[in-house]
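In what comes next, chain A is part of two complexes: it sits with chain B in the first one and with chain C in the second one.
Then we have the complex of A and B:
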């Protein structure tokens, strides 16, 4: 798991005069080289990048496509929805104009809805991942490096948060977090809902990585290069920044690639349960809530959000495995 | 063993106390006014608000409220709307009933769902994992591994409606899911829960297959396994007696977490199949802003997690003789 910070350069200095063909490479370069040779890893990285690109470019794509996720096309244009509000054309109303069909009853365009839904979900998951990783770094390294009272307090906090029933915590505390920002009697703006979801997921999202980082720091603290830095008079801040942090890159990257898809599916589950993002904001998870209401008559509506979510999660998990293998070639698959 | 249980129970009690305090504080202290939450959007007049506040007991200072709540758990409480006997986890003003009664009403559903699911996914997951690890690198392994990768990435809120549409509504292969007490007829109980079990365990089976395969492969590289092989012990004996036993440690860890959270309420499964369990109760309490009920469910679920943590640690000692309790 660990990377000797000076390992790469030391090697190159030692071997350069004898064998000029050997090039000194940093651990990061070595990781990158191993990763590039992993075909499954590269493909899944491309798939993941594709999803992020879709999310980023959702406004551009829908402008080119000529529709938006809010307009109720089925209610404006006659001949799209039948009297019960279901698409008249087969397969959920899929045709050249509405590529992924129409949403039953509202008659919105599923293609743009999914684009913007992915955008919302990825934004939330990315924000939570960044916050959780930062929290884990600060608390994990503080607990491991400072030790003593700090370690005790942070470790007990971790234990406590880990004993919380996760899903229940999310579901129960979302409305409460929202009520922090707005009076329950007023309508909640969308951005406040988004912020609440981020806060709640963040609160219980950092502990696993925090524990790992604490362990890594504990073992690194006793290593010679840290002692050498201490002896040569480096400040604790410098030791953390220059000696410890570079060695925690691998667990951080590996954990973050596992965290992000789990935040996507958890946020989607919250929307599915009706406490997350609500109408009319497009959201990946909210589409499943709609789908659950209409699947008996129109199963096609669920197809695209469902299949794309499975592809996304599979690709991200494969990417996580590939990143882990690239950092630590010893692991077996 | 007794000392271990005693020590861990005390620790669990401390954790539960903290969780209850944190939850209580967040529920009753942070929102501007829980009575407003309970009232909904612009429904209550000022007088009604005062009544709700008095009923919720929130016209008193927070620490006093918490103290009364804690005392209520051990001694029971009296409310204007009714009495709440000894382990009083709160009183729901929506249905004028002690919270614990409702929780106990809902528990059999969740327990049935969890128990059936666990049996299926443990047997299948460990089985597939063993087959894949035994035949590592072959076509069988690759098929099992890739199938389980895809299925473990599926979500209940996607697979559930899909299975319902395909197996129940369009083809009538299975009957409509629902909960019928086992005491009223095991047949109906089984038929009603069959589809939820299948969907729940499909995803978990895939996850446990991956987990058990990885754990077995790691165990097979261990020194003691190699030594046993080098000494001439048969592959099968080494696989089952040495590697399999060792691979159970990470599985038991995850199983403990999963069991705890499943019995605390399989929210999404219960919502998907409209099963009236604890998870459904929690979701309904949130939409109705029934804070006492939520508080009770939260404490109960936390208790389950803590209890299964202790069971897991006790299991470690059974699996690995090097682990000593106490």
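Then we have the complex of A and C:
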């Protein structure tokens, strides 16, 4: 092919006026554009959004569906459970009426139970994540920016808490925390159980992010743009807010998206061990506890909470990676 | 990079008004060590008793090798560091230990340009936010709005105003440094501390940025404390030059005095280290007489334990017992022009030509 020099210059002239059209985009728009290009990220965001949506809309969905997670349908309606308490129909009693089957022995509806279980678990995990992230931001940035005695105190506290055996601590301290609110002889209201789970998970949940933020702040503090802000007379508060915090967004977001699913699984593990959410409140982890007892005879009861939990955790972690990539202006895809 | 001297001549000494004066300016960084309890075991004498004045509208160059305290001096002047001793006077106001609130009214008048254009711009902020930030902090509302002023500044430093919403990572090193210059100009300062503003840049870009700074200095009448280790750049940009060695000023004077009639041996050594292009006449004879060549031996002594007396004596070929006993004062010695001060007991003759140097300073390196 012949290269026409005139054509070449025409080309460059033609592309010139396009340059002023490169109107700057706001940081949010840029992040959104990068995120939308990431297919895995978009799909996992949809999956995660779906889970939050069904958690949020659990009452609406179950009202439309016409069941609730507390009624023992298997015991009321004859012909659903056999004399050993297992669903008579195959696949855990799945049919047009009970989409995901029935819980063995109690005969509750699995579909609504799972909806409400997701709702409980996500609420707890979200609350713990928000609290832990806020704590980590305050303590981590304080340690990194103030330094000296503050850094020493906060870092030693972090070390101390990290040295705790977490699961043992949770099992040991949940009853204690609960008894702070309620006399052990009385029946514990559900909300107090939820609050004490949140408090205990929060107390041991913020350290990793706190350490990361301390390190990030330490390195950012020495950067020249912080000095530039100081030369302009910026207050420490403004420097933290405008110069440091925006640069900690990606570690915070990434860590938070790893923290939330891990809190879901930890809360589930606590329910499984019997110290978390207990009968009859629906909960993801409590369903596992029941499922573990019956899985030899009725694997279907473990299938739905198990698969949904795996999908949720994987999607959430992939979302975290995608968000990090989108926030990093240097990412080129 | 061109080494031709700037056209602007320094104003006559009598008419210059001092802008920033340092007297005995000192900064020691404590060295902490020991186990298990850390305690202060010594101090790095980064800056040790500097006396100098930057006048209104003047470019004051500060040169010296790495680690001699140039950058510390710049940060002390910008009050990013707390001086350990001495006084800093800015327009008859003592700002040595002024707090952030006390400094607020003059913060807009002293700005800084940083060495590393990759770390001096917040990667999460747009160019508009970076340049507009100082105005926001100081509550300045220029006519037409801050955004318009930022676009104007972008144009001043030779960038496209359309770049307002771009991020620093979308720019090259030279462009980033221009953004840094625009940020420093945003508050219409009287003094800009330029801490090696071109050291991190490509040589071709260095010239552009230096010329931009010169344009800014001449058109806006801003005084500069210009820190560099490249003598050619400083010569191009600064009317007065101070030479630092190990936390002290060893020689200060007008550009011509320092470059053509240096007296301190260290200044000689520095000048002789500038690479020289041997220009020749068509017949092969050198166009310019060759300059002297001085190779300093050894390393810079540790600033935690500087030598007694004259700090340069450990590497000086003229050092005698007196140099270890007495610290030479920074004074106008015999034969110096006005304002040319040298701290040396045994100053060199005021020439930089090889022909005028009587004996070879050091034995020639042994060829293998």
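Convention: the second predicted complex is superposed on the first by the 302 of 333 C-alpha atoms of A that agree within 3 Å, B and C clash if a C-alpha of one lies under 4 Å from a C-alpha of the other, contacts with A are read in each partner's own complex, and residues count from 1 in each chain.
Please note the rule applied: a residue touches a chain if its C-beta (ideal position, glycine included) is under 8 Å from a C-beta of that chain, and two chains touch if they have at least 3 such contacts.
From a predicted model like this one, the values you see are computed outputs, not experimental measurements.
S.K.: Looking at A:159 after the superposition, I want to know if it touches chain B, chain C, both of them or none. Which is it: first, second, both, neither?
M.R.: So A:159 only meets chain B here.
S.K.: Between chain B and chain C, whom does A:265 touch in the aligned arrangement: first, second, both, or neither?
M.R.: first
S.K.: Taking the superposition on A as described, I'd like to know which of chain B and chain C A:176 touches: first, second, both or neither.
M.R.: Touch status of A:176: first partner only.
S.K.: Which of the two, chain B or chain C, is in touch with more residues of chain A?
M.R.: Looking at chain B versus chain C, the one contacting more residues of chain A is B.
S.K.: Just chain B (first), just chain C (second), both, or neither: which does A:224 touch?
M.R.: It touches chain C, and chain B stays clear.
S.K.: Of the two partner chains, chain B (first) and chain C (second), which one does A:232 touch, if any: first, second, both, or neither?
M.R.: Touch status of A:232: second partner only.
S.K.: Taking the superposition on A as described, I'd like to know which of chain B and chain C A:247 touches: first, second, both or neither.
M.R.: second
S.K.: Note which residues of chain C are touching chain A in the complex, please.
M.R.: 75, 78, 80, 100, 103-104, 107-108, 110-112, 114-116, 119-128, 130, 133-134, 137-138, 160, 162-167, 169, 180, 183, 187
S.K.: Considering the complex alone, what residue numbers of chain A touch chain C?
M.R.: Interface residues on the chain A side: 19-20, 22-27, 30, 223-225, 227-235, 238, 242-243, 246-247, 249, 329-330.
S.K.: Considering only the defined contacts, which chain B positions touch chain A in the complex?
M.R.: The touching residues are 15, 18-19, 22-23, 26-27, 30-33, 36-37, 39-42, 149-150, 152-155, 157-158, 160-162, 164-165, 169, 217-218, 221, 260-261, 264-265, 267-268, 271-272, 279, 282-283, 286-287, 289, 294, 297-298, 301-302, 304-306, 309.
S.K.: Provide the residue numbers of chain A that touch chain B in the complex, in ascending order.
M.R.: Within the complex, chain A touches chain B at residues 159-160, 163-169, 171-176, 179-180, 183-186, 261, 265, 268-269, 272-275, 285, 288, 291-292, 295-296, 299, 302, 305-306, 309-310, 313-314, 317-318, 332-333.
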